[in-house]
Amino acid sequence: MALDSKIPEGPIADKWTNYKNHIDLVNPANKRNIDVIVVGTGLAGGSAAATLAELGYNVKAFCFQDSPRRAHSIAAQGGINAAKNYQGDGDSTYRLFYDTVKGGDYRSREANVYRLAEVSANIIDQCVAQGVPFAREYGGLLDNRSFGGVLVSRTFYAAGQTGQQLLLGAYSAMNRQIGRGKIKMYNRHEMLDVVKVDGKARGIITRNLITGEIERHSAHAVVLGTGGYGNVFFLSTNAMGSNVTAGWKAHKRGAYFANPCYTQIHPTCIPVSGDHQSKLTLMSESLRNDGRIWVPKHMKDVEAIKAGTLKPKDLAEADRDYYLERRYPAFGNLVPRDVASRAAKERCDAGYGVNATGEAVFLDFASAIQRYGKEQAHVKGLDENNADLVKKLGQDVVKNKYGNLFQMYEKIVDQDPYETPMMIYPAVHYTMGGVWVDYNLMTTVPGLYCIGEANFSDHGANRLGASALMQGLADGYFVLPYTIGDYLSDDIRTGPIATDSKEFEDAEKEVRERLEFFVNNNGSHSVDHFHKKLGKIMWNKVGMSRNIKGLTEAISEIKALREEFWKEVKVPGTNEEYNEELAKAGRVADFLELGELFAKDALNREESCGGHFREDSVELDGEQKGEAKRDDENFAYVSAWEYKGEPSDAVLHKEELEFKDIELKQRSYK
Amino acid sequence: MNLTLKIWRQKNASDKGKMVDYKVDDISPDMSFLEMLDVLNEQLINKDDAPIAFDHDCREGICGMCSLYINGEAHGPDRGVTTCQLHMRMFNDGDTIYIEPFRASAFPVVKDLIVDRSSFDRIQHAGGFISVNTSGNTIDANAIPIEKHDADTAFEAATCIGCGACVASCKNSSAMLFVGAKVSQFALLPQGKVEATDRVLNMVKQMDEEGFGNCTNTGACEVECPKGISLENIARMNREYLKASLKG
Amino acid sequence: MSGILNSSIGRKVAMALSAFFLMIFLLQHFAINILSVFSPDTFNEVSHFMGTFWVIQYVLQPVLIFGVVFHFVMGFILELKNTKSRQVSYAKNNGGANSSWMSRNMIWSGLAILAFIGLHFYDFWFPEINTKFIVGDMSGLIDPNTADSGFRYFEELQHKFHSHVRTIIYVIAFIFLALHLLHGFNSAFQSVGANNKYTKGLQGFGKVYAILIPLGFIFIAVFHHLKHVLS
């Protein structure tokens, strides 16, 4: 099947308006006869469910958590971008569009990104009307901060809990519809398959995680807002339950999976402390505004620090290597996430990592504390040469800006970051890849939609800070509710979809067989055993920097691990009860397939772009020597993979990306 | 370190349940409390025993999924943290640790340490929202200036993660801190004032119907709340409720 | 408005309002009693006024009794409902980590006070009612037939505190009263929604009130007891 992205004709600024003017609508009386299933209740799924219900559709919403409010969007810290230009600093829809395409290293679809920038301002209006308590200035108007290497201040925020506040906003909109009976909410339900009838998505099979009951749910369309698949690495900043199962089942039912290898590895996370570690904790990128990143220059100092005989703060300035400032004098510590992460890995691979595992670099606030302290002393007319006073004043300023992050760090690491530099290391954070969708956010399966992080569309090969929240809400509040109407207008006479058809029966049977297999397998290793192994392969060979040899090995190792998993996995208990191991087994089984496709996609893409860095595609000389080298001539396309059984048999379809409104350039941070 | 754990085991909602003793060895002080339970579960699975069921998801203190009553306190002995942020360095080698589910009639046990907190959701369905549709045509976000102090106080109330530690810690299993936080968030914002009367009456009515107890102002909720939600929010809800009752 | 007493918040506000009334009563009761230490005559005069003025006897006294009964009955109802809200209790509960003993044991300090009120009624109120309304002696004199025999109130008061046991019981009861007030005073303000910038100051005042008033009552009881023992 050839890919049709269905981008409307016309100049980019008019596409969305023209599109909305010409789509088919469903009249309110008919909406009452149409059912829509929404899987996932994060920013994308939650906002979509609420909006569809407001419009009059009958919505069934599903989440695996005990309440929709717990979806992992809640953990986003920094903020949400919107082209409001409240600061009068020259922001505009075009500029947000441009920054997002450039930040994505020119691997996203122009028309989608422009639409995203266009509706971004509406999101802020909507959220404020819902009572989201964004940060404000003393004048009572909304405050903005700047974020992730762009030239304007367009990020709206609510302290370090923006994701939480926005999600609670979407949750409250859902609550209103649940109270009205327009959304039927299914908590603690996990979707285990998509059901297609006559080629169209017409329902899903779910498992009630409390009772183990397998249920059939039908609808005229199915929307997946099920988040990213970063947990394929086992250790990531994702929630423990975040998984790819919904997207992967859709893939197996005919939805193409796009750019699986585009993963964002976030530079400022708390390092792994040991094998017991179950997940990684992110600290906001904003720390890099004031923290300086370094490792010792000399190996003897590295060893002394590891041995505890040298305190990092006692190492002389001349013996420190501020490697980001050295390599990227123009941007210094504020280079984009992918660049900062790779630079940390480079130093640690060379042996300069500063903790026991050798995978940590310092993030040092001492000079910021000095600078702020002196400034405060000056402002208050106090003695600028009194070292203790300056330190105290400086610490107060830093505490005001980052207090909650410092406290979080101290709780986890048990070191006081005001006194000794923080240790950080990159961690898997976000996946730009996902289910392929067209301009309507519909997958290659008619009637099956995919929104938010679960789809691939807006961030190209690298996502800018504060853009994930924007995309989730844009899709759910303002894009999908229009585009799905165009599709559903053909369904006004269809009537309710029966769940006793052969298609539902077959899908349910498959789901049951798989669950029964797990509980009867009696293998020798727990699910986590395999998940951790998969994570190690992914991190070591398909992680921050990739090469042909590693990727080829990863593909065969994952395949072998998958075979072992199906033989040796051990799931205690039964299907007819709350059984977390059983739920995990299904998720890891899907990760074991996705992981291979992920590596295959990375092997196919013989260029470095955004979060995908290939060691064989670097600049060989000149000022940019050693930096990532993109290949626009051969790889300016979206890789959309079609399922054909084994991941190794997946067929590649290319959606060529056209850049009519933006000129392709190399990203330079020197 | 080596620890003795006394853990509540209950097969399902209708099972009677009991405390069971377990031993775990070689626990690192750098582990989080849930990672310590992961270790125990791995042991249990390898011995063909049923692993302990407990709720958890984000493991960074924001989703509100993890619960656990540890040594007689919600989220354990540390302050300002959820169970997933509680680290084993808070305990000593040889300690005996009691681990129980959050207890309240309105939070029935589902299995082991997992409880059903959907009563919280139902309270929110009754009025935890502002009735505004997603038209994209709402007024400009800056059309209504809001005093910074009010916006900040509303935000602080809104940081509640809905974990239920307030109910679990309260000797009366009262949900007033949870409900007070939501009522306060909207009562402090001009957008929320329009529906203030119905909101507080409906939410309190639902809260009472769910079988939560009455507040006797012991203040335990505020101390145990991982997000430090203030008792002021309960006072504000009381005012709002009185105002609404007299009006309506 | 109807049904407000069926709601959790309505009930707690009602508890608070009756508490305010009782706390004011307590203050007034103390103010009169302390006169017995400094000026038996003034004490007698004020007592006679209180005991015979119709507004006090037929309006305020019933209101007071209603207030006391309401406060107790509502306290029990709430306690029962609260106990029902947690049917399985914790194997280990560390209440001391997050709340004061007083706040967790209002029902027990309350019951102790209730028992004391029983004794107090037996000591003073029932004889008083008997004298005034059954016997019909409204004179307030020691000997109603002798006009210059003087008021009986101070005499009766002194007489009651001759007993060691009674004095000790009174002292213990006042300690419970202090414990009850140490939580109750500020709790009442919180219940009616008063939590603002004055709260800190009010909390300090509440502590002073909760300790000084019962201490004053203890002083009065011990004073009269010692006066008898030493004389």
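First chain written, first letter: the chains are A, B and C, and each begins at residue 1.
Criterion: a contact is a pair of C-beta atoms (placed from the backbone, for glycine too) under 8 Å apart; a residue touches a chain by one contact, two chains touch by 3 or more.
The structure presented is a predicted model; accordingly, all values stated were derived computationally and were not measured.
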{"item": "Chain occupying the most central position, where position means C-alpha average", "value": "B"}
{"item": "Pair sharing more residue contacts (C-beta pairs) when B-C is set against A-B", "value": "A-B"}
{"item": "Separation of mean Cα positions, subunit C and subunit A [Å, integer]", "value": "63"}
{"item": "Between subunit B and subunit C, centroid-to-centroid distance (C-alpha), Å", "value": "38"}
{"item": "Gap in Å, rounded to a whole number, between the CA centres of subunit B and subunit A", "value": "26"}
{"item": "Subunit B residues within the subunit A interface of the complex", "value": "11-12, 28-32, 34-35, 38-39, 42, 44-46, 48-51, 53, 55-65, 78, 80-81, 85, 87, 89, 110-111, 114, 116-118, 120-121, 124-134, 136, 138-142, 144-148, 151-152, 154-155, 158-159, 161-162, 185-186, 189, 191-192"}
{"item": "Subunit B-touching residues of subunit A, taken from the complex the two chains share", "value": "47, 50-51, 54, 65-72, 74-75, 84, 86, 119, 122, 124-131, 133-142, 158-159, 161, 164-165, 168, 171-173, 175-176, 178-179, 185, 187, 210, 237, 239-241, 273-274, 276-279, 281-282, 407-408, 411-412, 414, 477-478, 481, 526, 528, 570, 572-573, 577-578, 580-581"}
{"item": "Residues of subunit C that touch subunit B when the two form their complex", "value": "1, 4, 6-13, 78, 81-82, 84-95, 97-100, 103-104, 106, 183, 186-187, 190-196"}
{"item": "Of subunit B, residues touching subunit C in the complex", "value": "6, 8, 17, 19, 69, 71-73, 77, 98, 100, 103-106, 109, 169, 171-174, 176, 204-205, 207-208, 211-220, 223-224, 231-232, 234-239, 241-242, 245-246, 248"}
